[in-house]
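Take a look at the structure below.
Order as written gives the chain letters A, B, C and D; numbering starts at 1 within each chain.
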């Protein structure tokens, strides 16, 4: 489990300097950590391309809770997909606007479908889906 | 407030048919709703390009909570930015893996910086930032 | 062929104003033209998701033509895929750097594979694939 | 000039295996080449964020050349920007459809503006801008 392999990467000094500047800006502790993140990102992309793989998505919605019946529509949708929806967090942005983040687990197709339905509800001002992973199969 | 303007859009029948199929698949109730969403998406993009505009981002992290000290590093970072971080939701994905969604409010530069620092922490397997809006200025 | 359908879109005056500002900035002559472009963009995306559909891609490469054997490697690759590669344009950016744009036609899988191979060749500094269309089926 | 630095990267065997599979699929000769490409990609992104940096873009357009006056509109636009437009390549896709790739050099703002204007012209079915580099400053 704690086994680690090591390999060498060669680069011109100029390119290496530019890489170091960029990862310092992003907050990485060292080059290995940055490169491992890039590789894991590749793997998560691949999981989303496989139809039967279980993935996790988060759906972020911003909406005006004064929109007629939106609250109950969103709640109803979430209950309809209660097998897939793990939880939802609600933030009161101001008097009118709410943000909700919904965590969904399923096949990539299911997660996208649930996200699309929530985002397309009347009164939702803005919505985005993040494609992430259950962590399984991502060493 | 409830004022609505109406304008006409012309399109070949083939293109209209394809549009209708696509928005039905996404779950939109009608064409106006789909087009309004596209327009609001434009506006949120523009907000993220303006340096001084206050925006909201959600940061999704997947990590192994067994990674030494990661929990405390993430918590410490969040306290450091407590002015900007509104809340965090934690989901236990399995014995090893956790998902955390953090809601951040600030300028786009601040939100990106906080997101980058959280994502680059050692042990975070995957992370993504969603660029959304406070809802203000998005009619 | 010149048949046109018309439908109405309703929007709050504020949203309409923001839409108009954005499409003026992009150079659109009118709202219908902008909306038609968004719809056609949807359709091209769908074509790239269908495995058997014939699509067109352009592959942009920037490289240092002093890199040993790169020229001949790129030429050889292009001959290997001569059925799919329609043409290539070469621009001399400066004493060292060249830009080449290669137009590829095939299934989305083929086009991506050819693009990936060209971009991954040693000495290519930067490469990107554009996913576009033969125009067929895009009214 | 031919100086090369070398540094070590550590990774779990599982992650390394997944990385190797992915870069083999993309056609990379070795890990260093793949990692150098990722780093150069970072640098090109940074160039496009700096307002005064000279960059290169390619604009891919697909259009029906039977659209009234489109040919002359596109040609006229290109002449208007002749300082920035380096060259254009035209491909006859079928009886109706043409593809044109235009190479533009300027600040990122100029390149985007020219690309937006070309793409928004009436009759252009699909258009995309690739953000690439003059190669200068990308070691």
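To be clear about the criterion, contacts are C-beta pairs under 8 Å (C-beta built on N, C-alpha and C of every residue); 3 or more make two chains touch, one makes a residue touch a chain.
For clarity, every value in this text was computed on a predicted model and none was experimentally measured.
Enquirer: Can you name the chains that touch chain C as well as chain D?
Expert: Joint contacts: the list comes back empty.
Enquirer: Measuring from the mean C-alpha position of chain A to the mean C-alpha position of chain C, what distance in angstrom results?
Expert: 27
Enquirer: Suppose each chain is reduced to the average of its Cα coordinates; what separation in Å results between chain A and chain B?
Expert: The computed centroid separation for chain A versus chain B comes out at 9 Å.
Enquirer: Which positions in chain D touch two or more other chains at once?
Expert: 40
Enquirer: How is the touch graph of the chains shaped: line, ring, star, complete or other?
Expert: Graph shape, chains as nodes and touching pairs as edges: a ring.
Enquirer: Per the touch rule above, enumerate the chain pairs that touch, sorted by label.
Expert: Chain-chain contacts present: A-B, A-D, B-C, C-D.
Enquirer: For chain A, which residues are in contact with chain B within the complex?
Expert: Against chain B, the touching part of chain A is residues 23, 25-29, 33-34, 37, 40-41, 44, 56, 58, 60, 62-64, 86-87, 89, 91, 93-94, 96-99, 101, 103, 105, 116-117, 119-122, 124-128, 130-136, 138.
Enquirer: If we count contacts the way the header does, which residues on chain A are in touch with chain D in the complex?
Expert: Against chain D, chain A makes touches at 3-16, 18-19, 22, 31-32, 35-36, 38-40, 42-43, 46, 139.
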